[in-house]
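The following pair of complexes shares a single chain, subunit A, combined with subunit B in the former and subunit C in the latter.
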Partner chain A sequence: MSATSTGPTGWKRALGLVPFAAFFFLPLYAMADFSTRTIQGLGRTLNGWRNLIADPQIYAAILTSLGLAALTVTLMLMLLVPTMIWVRLRAPWATRIIEFLCLLPLTIPALVIVVGMRDVYLWVVWIFGESALTLSFVYTILVLPYAYRAIDGALSSIDVKTLSEAARSLGAGWGTTIARIVVPNIWSGILSAAFISIAVVLGEYTIASLAGYQNLQVVIVTIGKADGMTAVAASLATLLFGFVLLLTLSVLTRGRSQTLTPEPLDGSHS
Partner chain B sequence: MTMSFTRGSVRNALPLVPFFIFLLIFLIIPTVSVVNGSISQDGSYSLDKLAALSDGAAMGALLKSVLLSAVTAVIGAVLGAVLAWLIVSSPPTSVFRRVVTSICSVLAQFGGVALAFAFIATIGYSGVLTAWSKSVGGPDLYGTGWLYSVTGLILVYTYFQIPLMVIVFLPALEGLRVQWREAAVSLGATSRQYWTQVAGPLLAPAFLGATLLLFANAFAAYATAAALVSQGNPILPLMIRTALTSEVVLGQAGFAYALAFEMIIVVAIIMVGYGLLVRRTSRWLQ
Partner chain C sequence: MNQRNGVSVELTNLTRVYGTMKALDGMTLHMEPGEMVALLGPSGCGKTTALRILAGLDEPTSGSVSVDGQDLTQVPANKRDMGMVFQAYSLFPHLTVRDNVAFGLKLRGVDTAARRARADDMLDLVGLAVHADKFAHQLSGGQQQRVALARALAIEPSVLLLDEPLSALDAKVRVQLRDEIRRVQTEVGTTTLFVTHDQEEALAVADRVGVMSQGKLEQLASPEVLYAEPATPFVAEFVGLNNRVPTTVNDGVAMVFGVPLAALPGSNAQGVAMVRPETVQVIADSAGAARIASVAFLGPISRVHVTQPDGSIVIAQLASSLARQFRAGDAVRLGVDSAPVLVV
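Let's turn to the complex of A and B:
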């Protein structure tokens, strides 16, 4: 009874959910319908969906976005995991400043960052060359708030200090302690951070388009001007992929994972 | 003593250096250069660019952005709170809740461009709903292309504001203890009295905070609007796009900085208010 007393149950609830379901599923249904239409209006075609692989421009963009997701996740984990563990173990004085910095991108819209990053990126391009993959640096900033919350949640649920003292007293160095003792214990947080980062990167449009790079979303918009069917198919595919990703995560991490529902100031719209 | 303390602190701080340097380069410097770029001109400081914000087009875009954000924040907050209330009775581990929160996360956080195409497919010129309405002799849903104006943006933004509200407001709703309701009922309160005099006041700061968050979210949103509106600058983010991509136009140089600075200020004010309200909520939400 405990959980049921706040909200309605039974047919009242079902009745209340109907208009919401209609509002949210109608556009999704429309996308499925729209993307499989033939021009003559007769029958169905999967050409729009086939183009996701057959069209070299889209296929290249998908590969770029997947590459960006992989690089961003790697960079984010390399930057965040050791830092956050170290703060818990040896530098608690830095807790507030690290948290503040990690959550700061929620307050500074991506649109602002892309306006201001020109000078920094002149250097990045000079060092790493002209490639869309260089966006993974700034994407790491975008995913920071989500990743921070996920990893912080996992770290809070274990006793990092005792675990590491045990490891250290048995002769393990700091590297071994972090990599082989702490990390395996915060695996669910790392997984959440990675999944959410992938979803953010695959949906990112603002920075890529204004910095002049062709990632998946930028190409979808370009193609949408001439071939609505393919653009709609690609859009629906992105949404479905994101949904599968988050649902998998929710099942994998079980229980009352807070990481699935960070209070977000959204990363991808901004 | 002091020496060894300092040396220890330095050694403890060292592993944090990469993190600080990375954030300095990719977050702090871009933000500072926006602020700096909006108040400096050829090496000297001037307020010319900020003054340009008060010109007609820029003011119009700001007002429309505020309007769009306010309307969708209120609609999203009210409907999102209702939806959260409808699903809160399912336990968080149930399949229903997992599916709903996953859908909400995707739509609220990662939709962007896809949501623009979702509505083009629904009520665009050859959208599914438009075609259906035409076939049954209903009204012309496409009309004069309202989907691509601020009115259309209100509809599309609502589509991601409601799910965001569900995500943000659900924890507050779950924080309402059963005992509080039982206490109220045992003292003779009706269900209506419980909601207006106990749950309502308790949830009010969380609700207001979430509304502010929704406002900031809509105000800073770019992708959906950019994909939907390909010409013209009805709202601030699209004006930044134009200023950024047409900097060769005389007098536009650096205007993007001023507009971005304006966006920082608005979002910062809203987020401070949000922070204060969240602190109030967290007093009882544990």
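Let's turn to the complex of A and C:
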């Protein structure tokens, strides 16, 4: 056992973390407590949690939100990854423009986005039908700032140009170069972008509500007016799912960074 | 390992313009099969641009690239069958050393067993077989460049391109790897273009050296000829050390330190003769008009700085055993070996 883990510094650090842990976990505990109460306040019940699957409205909303998350991540990756790689390789002059465009959604209120997108969505609905899943188009724009930062960070950590040229000189076409060389080396950034996008989509309420679609957050608010336990159970489930995603991301990216991080060696060690 | 006969390479009248800057200005270069040519020149002279155009990583504004008579000017990089080692470390970080070397073979559909055997052969060739299962970050810079060389050679390229592969390494490793590159190239017989700004590197490894300046090939010759018979003032000044001794040329003969020397073609009628320090003789003579200014000991050789009556300094490179007799202030006279000089 190391001295660090048993020394006073370790204990002080652990004690210092207690208020923060309480700040985060007490509300979660309260949610768990509330979601398992009976209406009369006597005893415990898992009805609220069972309703997540048993209640067709909630179940449909969960499926809609998960579908939206999957579609949003797919669209975002298809749009952003090739564009950012291409800009790095062939159009570095466009870097600032792409960065500006990607960060723009942060500065525009959701209400303005909904109003601004109304005319565009007339076409979207005409082409794809009136489905809540069409929200994935506007969500793709909404997650761009977070996804851009994650992927940009990963691309900055490798020499994309040299690696691509090396792959091409060995006989790889552009598709192979991107799929087999660039993407595996920015995988942690892609995972970050995907998971953060999922978290954003699962927590999105304003746009769906204003646009009149029933995603999980909208249904939680609606149900909360009549059945608080089920609404809180759904909220807690969403939060826990987000935590699991972020923990998974942390574990996966730590594993990869241990593989990819160079040791500080110079040319003299051959 | 399979020996492969080299191919001939022809760069014809290559021009590359970036905006208003001409990186290449009508460069023409012919490489013989199996030959190693080094392109040497200062930063921005166009040597890397020429190599990248040959690799297909850049496009010429005009001119053509052909290999064994086949025009490759419009052929993309991945179809050119050329191996390349880059200045920056270029091993794929997510692959092991063996997988890096086998990458090009995998793209060519070589089966797993043959791929592995070939990769191990190549790693053996560069002395890194024991590191086959490591990742790039577990290797030193010199080892990474050797793996990059093995990876480039594994696909049995028609042409090997080396873009300043040693410039990121320290001096000792650079010399070791330089010699290793030459050994491997001689062994596999691949036609090789080696770009460098280090003249010692170029002179040491190449069959012929091309000196470039402002997008043009000033001279392409064997290291010996390039050093002894520079074709242009730029080559004379860029390659090696020179003394600039004022002289005039009469009937193809230039007088240097009172010694008649043949003037090389391209010499001016009047100007300065470019005299190599190792051709300068320093003779102890109490009646001599020149004086020893200083003697710099460099191990087996010494550089003797001599002040002439007009105040100009001439540098002579002598064996240290000869230079030992001189002290600052000694009276001497200068002579020169009977070798042709360029007067510029």
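Just so it is clear, the second predicted complex is superposed on the first by the 228 of 270 C-alpha atoms of A that agree within 3 Å, B and C clash if a C-alpha of one lies under 4 Å from a C-alpha of the other, contacts with A are read in each partner's own complex, and residues count from 1 in each chain.
Everything that follows uses one rule, which is that a contact is a pair of C-beta atoms (placed from the backbone, for glycine too) under 8 Å apart; a residue touches a chain by one contact, two chains touch by 3 or more.
This structure is a prediction, so every number in the text was calculated from the model and none was measured.
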Touching partner for A:Ala166 - first (subunit B), second (subunit C), both, neither: second
Which superposed partner A:Gly189 touches (first subunit B, second subunit C, both, neither): neither
Partner chain in contact with A:Thr83 - subunit B first, subunit C second, else both or neither: first
Which superposed partner A:Asp33 touches (first subunit B, second subunit C, both, neither): first
Chain touching more of subunit A, residue-wise (subunit B, subunit C): B
Where subunit A meets both subunit C and subunit B, residue numbers: 260-261, 263, 265-270
Touching residues (chain side subunit C, partner subunit A) in the complex: 55-57, 76-84, 86, 88-94, 103-104, 107-108, 135-143, 146, 148, 151-152, 155, 161, 168-170, 172-174, 176-177
Residue numbers on subunit A that touch subunit B, as the complex places them: 1-9, 13, 16-17, 20, 23-24, 26-31, 33-35, 79-80, 82-83, 86-87, 90-91, 94, 98, 101, 104-120, 137-138, 140-141, 199-200, 202-206, 209-210, 217, 220-221, 224-225, 228, 231-232, 235-236, 238-239, 242-243, 246-247, 250-251, 254-256, 260-261, 263-270
Subunit A-touching residues of subunit B, taken from the complex the two chains share: 12-13, 15-16, 18-20, 22-23, 25-27, 29-34, 37, 79, 82-83, 85-93, 98-99, 101-103, 105-115, 117-122, 124, 126-129, 159-160, 162-164, 167-168, 170-171, 173-174, 176, 178, 181, 213, 216-217, 220-224, 226-227, 230, 237, 240-241, 244-245, 256-257, 260, 263-264, 267-268, 271
Subunit C-touching residues of subunit A, taken from the complex the two chains share: 158-159, 162-163, 165-173, 176, 181, 184-185, 187, 259-263, 265-270
